[in-house]
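Structures follow.
Shared chain: subunit A. Partners: subunit B in the first complex, subunit C in the second.
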Partner chain A sequence: MIRRLRFLLPLAGMAALWLTHPSPALAAFNLKVQSFSYDTHFHPGESITFHVTVANNETTGQFIEVDITLTNLATGQEITLTPVLTGSTGPQQAITLTRTYPLPAEGSYTVSFPVFDGNGARADTARGKFAIHIGTETESLRVFPEVLNLGTLPPGRSLCPTPFEVRWSFFQFNRLRQDQPFSIRIYTDNAARYHGIPHALRAASPAGLVSMDGRYVIPIKCWMLNFGPDIQETGWDAALAGPPPVDEDDYWLGPPLLEGGRSLGSATWVRIPDLVDMSPDPVTWRRLMGQDQYDNRFISDPNLTGDFTLRSPFTVYLATETGPSSVEGTYTANLVVELWNP
Partner chain B sequence: MEVEPSRLELKIPAGQPAHGELQISNRGHKPVEVRVSAGPYRFPNPNAKLPSCEGWFRFEPDRFTLAQGATTSVSYTATPPVSLDVDTAGEYLAAILVDQYPVETEQPEGSPSSQLTVVPRMALAVYIGIEGRDRVETELGPLKARKIESGATGGKQAHPDLLLLEVPVKNLGTVHVRPSGTYALFDEEGHLVRTAPLGKSMPLLPGAGMTIPAVFPLPPEGRYRWVITLEVKEGTVLQKEAALEITKEGAAVLEEKK
Partner chain C sequence: MFCALAVSAQFLLPPFPVLAVEPSSDYILQMARVDLLIRKRQFLQAADELGHVPKLYQEEPLFQKYTDKVVAALYSPKARAAAGPGAAFAQRDRVLERLRVTRYQRDAGARSDRSFDNEGWQINQRIESDVQGKDGIRAKFAMDLDGFVDGHRDLRYRTLLADFYDGPSHLAFGDSATYPSPFFMRGSRLRGVDLLLSGELNEFQAVAGGYPFWLEDRDEYIYPRTVVGARDRWKIFDDRIRLGAGFIKTRDKGRIQLINSANEIRDNSVYSLDQELKMIPDVWYLKAAQAYSYTDDSLVENRFGENTKLRDTSYRVEQLLIQPWAQLTSRFERTGPGFRLLTDIPAGGVLNAKGITADRQLIENFLDLQPIGPFDVDLQASWNRNNLDNSNTVEEIRQAWYTANVGVKTPAGWPRPRVRGTVIDTITVPGTLARPAQSRVVDLRSELSHDHEGMHFTEFVEYEGDFPAEDKHLYNAEEKWSTGVRMGTTFLERILFSPHYTYRFADTQEKTFVDNVLRQSPVESVNHEAGISTSTRLWSTSSIGLDYNYLHGKLTDPNGTKLIPTEGHSGTINFSWPYTWHPWNKRRKLTIFPAAAAHFTDLTNDLEKRPLISTQLSMSYEVLKDWKAELRGEFLFDKEKERQDIRTAEQRLWLLWTAQWS
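Entry: the complex of A and B
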């Protein structure tokens, strides 16, 4: 008998556990975030207002709680704004909850809107597309080093031994509390020094390194993280491995096309233009980075918002190519890194 | 290096020079040589006519050494040419370029070798309006609405269907404007379904046009009223209304109200 009871004891224990701790796996009610809105740019000390509309898709009235959660992009720390948004809504109805909160410390925060029903079960979560930025207005630019000694350029393609680093800060917003667009462009400014070869049939671009006598030019290409290549297409992880090899035509000239030739616009190493080559049309510019939420040029599968910014500092690598027609001499240039905000 | 202000938007009487100051700060850890000059305007707007005021500027000083942590003032004078009296443009554009050069350039020993000087440049946009000729006139073009189907954005991920609303704006005036505003979508009973800011902080130059987009999840089948309110310059507001129908198939049919 005692032996039989010994088998029943674990079952009795499980039953007792179930009675004292009922299963939490109650299905959440069908509540969905319909829309939400908030401004994204603030000075420290300001307050922020959230509007969240939640639809109750149940056939009975429901209690709704929305815990607006901010996640600091630098530290990963989560902050739930209190008091949380609460309200009740009738069956098949929607409710808009609105509240103003003091802002947390300076920084950038992503926003999420988890919705809970009256049982405390999570029914839905919506996530803001744009982060909240809190800061003071700033606009600055610095490079290091300022002078790159290239030594003697070897024949063929050559990666310059010293990359340079660009430090930047930019925080300006408009009346709609949206980012003020800006771009950091790179170009040479050689027009005053470059004369070309007298009586030449075709005037060459002054973009690149110019010889001391102003007659010859050696083009420069640059690479930075924004230029790729796409790891899915090439297997080259630029974030880990740095600049792709200059010796490979796929990166230097562009990937091959099925119909022959190369997709020159998809090259990873890109030419640096001169100021005189650039027109008001941005396709003639070389943008290292920038921001303009209405410029859809940079939208891709892994970058749905078309974000073309990089954290400060970022590194720019340079490379040259000399050929049989390159002329011996000393070459110099002023390479301009420009912050432009219209 | 930091420069204040980040852009100049001035209005002067024809024939009168404009004066002002730039504050330039060296936030680096060593002295730098600063060179200030005027250059062409650099904003992309290929269709816009851009009368230039690049040659109007004089800076004092225009070349100086700035110690680490120091801030200095550079005064500028923009003197319009005499020929401005016979010109009709309402606004002239340029850029102020503040360049930072290293104070000491290390010369390599022995034979000279190739060298690159990397110059950080702050480019400040300059807009000089002429009093009496500054006319603000903006036109809202025909509104457009269309559905963007799931996946039509080229993504591999599943996206919800979206509604794209487009507001074309054209600047018929003689000075630039920075249009901004809101759109509001009301249902048949007049309840507000959606509202959001609309606008662009980019300048719209004289003669140029832009299309301001607004994208949001496709609302359910039904009839809506779409109201656009656009402030093109302080005190100048444009408004337009259209009837929007989302059909059973999810197509967007738009009819503008006169």
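Entry: the complex of A and C
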């Protein structure tokens, strides 16, 4: 008896579902957003023009309404631009709707295009890949403190106890109304003071701390949040655990490779180059943060604008390494933090 | 726009024995030759060179360092394996254990980044063993366990590796990484099989598996991207030519959209060739690589029915030319806009991305000339551009850099001048509204350093000009001059005293937009900056430093648009005591490193009126090649002087235990 009841239980469940689940509302007509376009960067007071193409996949003519919705990235507040876009199209045809709107207040907004049919039912929603940015041109950079005294350097690798902060602001866009590329980079400018050792076979780089007599160099490395390491690869959560230990080669030199050696490009502590080591190739720079949607190095599907900025201020740590060949003395460096845009 | 930091440090007490006699120039040259030979991996010749060093210098640390390097290289497992069967038995079995615990707490003010306003724990445990197997084959096993308590609790294994190796040949199961050529793996972390067979004339590698990704919210690993690839490399003509060929194929699964719904599902294949040629040994070396990639950029059609197929190439050539009078390094690189090489999937950081940067062309030349009479000259000329297919939707940036670095060797006791000049030509199409499309930046810096009665002087002059290429944009020109002097002297062998003064003159443009129209007005500014730095050794290796700076002139306002009159003071005081003690014997090492620093500034930019305090304490006890315990703490505090809500307090504690047994 119990077995038979058990067999009936799923049937009873299905019946209950049928009884309790309300019948669906009238299905929306088959309308799809085919394409859309809009500019993304504006000064306050300008206006914005949207072009939206909607295809009617039904066999009958349809009324179409597109409610362009902007969502403020900081507050989450939604704004539906009025008057909404409306139009009618024949069966199996597409229509392009165009309208210009005044812009909302300064800020960043995501864009979505919900489409409604003549019954007010939502037929489709498309979302813009790029947010709209409204702002005033700004460009500033400050470091704090401006003098760093690292004290006595201990033997081996050493994390300098005094980090410094970088405060920045930047908002510029180009004539394509896209983000103007920029980056904040760090380098030493010691070439004019570094002389090197006479008769040396190989010219050393002046990057790092240079001795007062200009003959010797102690290299400096730096770390900030953008340098990671990648938590998937190392198990080190940089946002939580901060600068990774300088004593571990995985972070100082790079993760180990099967064939021996290290993956130097994935090192977390990275060398600060000198200006003379750099070239127009951005790979030779040490970029702390920035944004460049034309440099494919930073672009990924979720980050189409190549944005690797950090909120101001951000902190930069320095570390040094002295070895058996380091020479006693007093060392200094001109360390430059530069906001670069072409 | 740039900000300069003056960084200073003292390397007071070398931790190693100091040479009792002055090194001769012959000895320095010998060491330089050894260094070069080690870099060229010619260890036998380096050992031969070391054997000719006079006994007088054989206690010298640099000699010992190079000797250790050469001996290690000559008697490495690879070298021993090459020496014949059985030699590898000399290596001992060992087990390594490492435990790291990190505690973090941050209290951020209202205007700081709240996303990092949190607290949590992180635990990392690693166990690694290296043991001897049969027939000279060794095995390495490794496991990493990571735990996090930071709003979400998870415990994950990260590395599981079983690597069986015989000299340079490996068969690895589990998590491994490899970077044999620019177009193969590039250090991506693979979970699967990695086979590397390395012989005297041939090297073969094959990989198969997936790139793992830990989904924190589901507490599980997923494998959204599978990879398979192989490469082979031959050494011919007595290793004067190395030729390689390889392919790598990755294919995404729909699961990649669990990481981020914006991720496209792709299929990517890369076929590559690489060559290393010793055209004329010790004179001319050439290294080149070529690759062709095919990418189905959207395996699943998106809502607009787009399904992009990308095909493109990448080339790179590098040459090194060594002549008695100069060394020339040249590089050419071209990667088409449609070239893709998919690697592992990082969790966040973008700066260490392993993929190849598409859509750029680069030419670089570095010429390091041997001194010509008293002149020492280095030259550089480089060109870089993107938008290789001249797309209208991409901002094209073309840059040319020319740098000359000239030093003048003067007789002993005379001032030593050095000049560095850089010219940067930039073309941006269509460019920004705030700058001309074509401009030239000229940057000249010269320094003169000399000693006078125990005092070291450095004088510098710097000029920076930013000029538009067309006369109609001349309103945009900017020029900056600066000059200054820095003096350094030591009293009583303990106190370092260093005053400095800098004068800066800038003829710049204030840029404002009124009704979307750029308005520029010329602004002249004069800045005077003076300061004093002193540092004193207290006891042992402890030191205290004091810096004071005074600024009078104009600085950019907080909105970054106007220059406003400024008078500011900033000061720093810091203390540090890196102390190392070897109790009982040289194998045991106790290290204590307390440090504290405080900074203050009252520059007129309101957000700069704040103190910053940082303290750090590090203690470790270590028995070399046995075990080590370390405790480190850090506390950072900064606060805006006039607003209570702008402050940050951050503290971290790191605990490390590591041990190894043989």
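Basically, the second predicted complex is superposed on the first by the 308 of 342 C-alpha atoms of A that agree within 3 Å, B and C clash if a C-alpha of one lies under 4 Å from a C-alpha of the other, contacts with A are read in each partner's own complex, and residues count from 1 in each chain.
Heads up, the rule we're going with is that a contact is a pair of C-beta atoms (placed from the backbone, for glycine too) under 8 Å apart; a residue touches a chain by one contact, two chains touch by 3 or more.
Keep in mind that this is a model prediction, so the values were computed, not measured.
Colleague: Have a look at subunit B and subunit C on subunit A after the superposition and call it: clash or fit.
Modeller: clash
Colleague: Looking at the overlay, what does A:37 touch: subunit B (first), subunit C (second), both, or neither?
Modeller: first
Colleague: Who does A:229 touch here: subunit B (first), subunit C (second), both, or neither?
Modeller: Only subunit C; A:229 stays clear of subunit B.
Colleague: Applying the document's definition of touch, where does A:339 land relative to subunit B and subunit C: first, second, both, or neither?
Modeller: Both: A:339 reaches subunit B and subunit C.
Colleague: Which partner, subunit B or subunit C, is in contact with more residues of subunit A?
Modeller: C
Colleague: May I ask you to decide whether A:82 touches subunit B, subunit C, both, or neither, giving the answer as first, second, both or neither?
Modeller: Touch status of A:82: no partner.
Colleague: According to the stated criteria, A:140 is in contact with first (subunit B), second (subunit C), both, or neither; which is it?
Modeller: After superposition on chain A, A:140 lies in contact with both partners, subunit B and subunit C.
Colleague: So, does A:153 touch the first partner subunit B, the second partner subunit C, both, or neither?
Modeller: In the superposition, A:153 touches subunit B and subunit C alike.
Colleague: Pick one for A:100: touches subunit B only (first), subunit C only (second), both, or neither.
Modeller: Neither partner.
Colleague: With both complexes overlaid on chain A, does A:280 touch subunit B (first), subunit C (second), both or neither?
Modeller: Touch status of A:280: both partners.
Colleague: Check each of 114-122, 132-140, 222-230 or 240-248 in subunit B against subunit C and return the one that clashes.
Modeller: Clashes with subunit C appear only in stretch 114-122.
Colleague: Would you tell me the residues on subunit A in contact with subunit B in one complex that are also in contact with subunit C in the other?
Modeller: In subunit A, positions 35, 138-143, 145-153, 164, 172-176, 178, 180-181, 189, 209, 220, 279-282, 294, 300-301, 318, 330-339, 341-342 sit in both the subunit B and subunit C interfaces.
Colleague: In the complex of these two chains, what residues of subunit B are touching subunit A?
Modeller: It is residues 1-3, 6-7, 27-28, 42-46, 50, 95, 99-102, 105-106, 108, 112-123, 125, 153-157, 178, 180, 194-197, 199-203, 212-213, 216-217 of subunit B that touch subunit A.
Colleague: Within their complex, state which residues of subunit A touch subunit B.
Modeller: Where subunit A meets subunit B, its residues are 35, 37, 138-143, 145-153, 160, 164, 166, 172-181, 189, 209, 220, 279-282, 292, 294, 299-301, 304, 318, 330-342.
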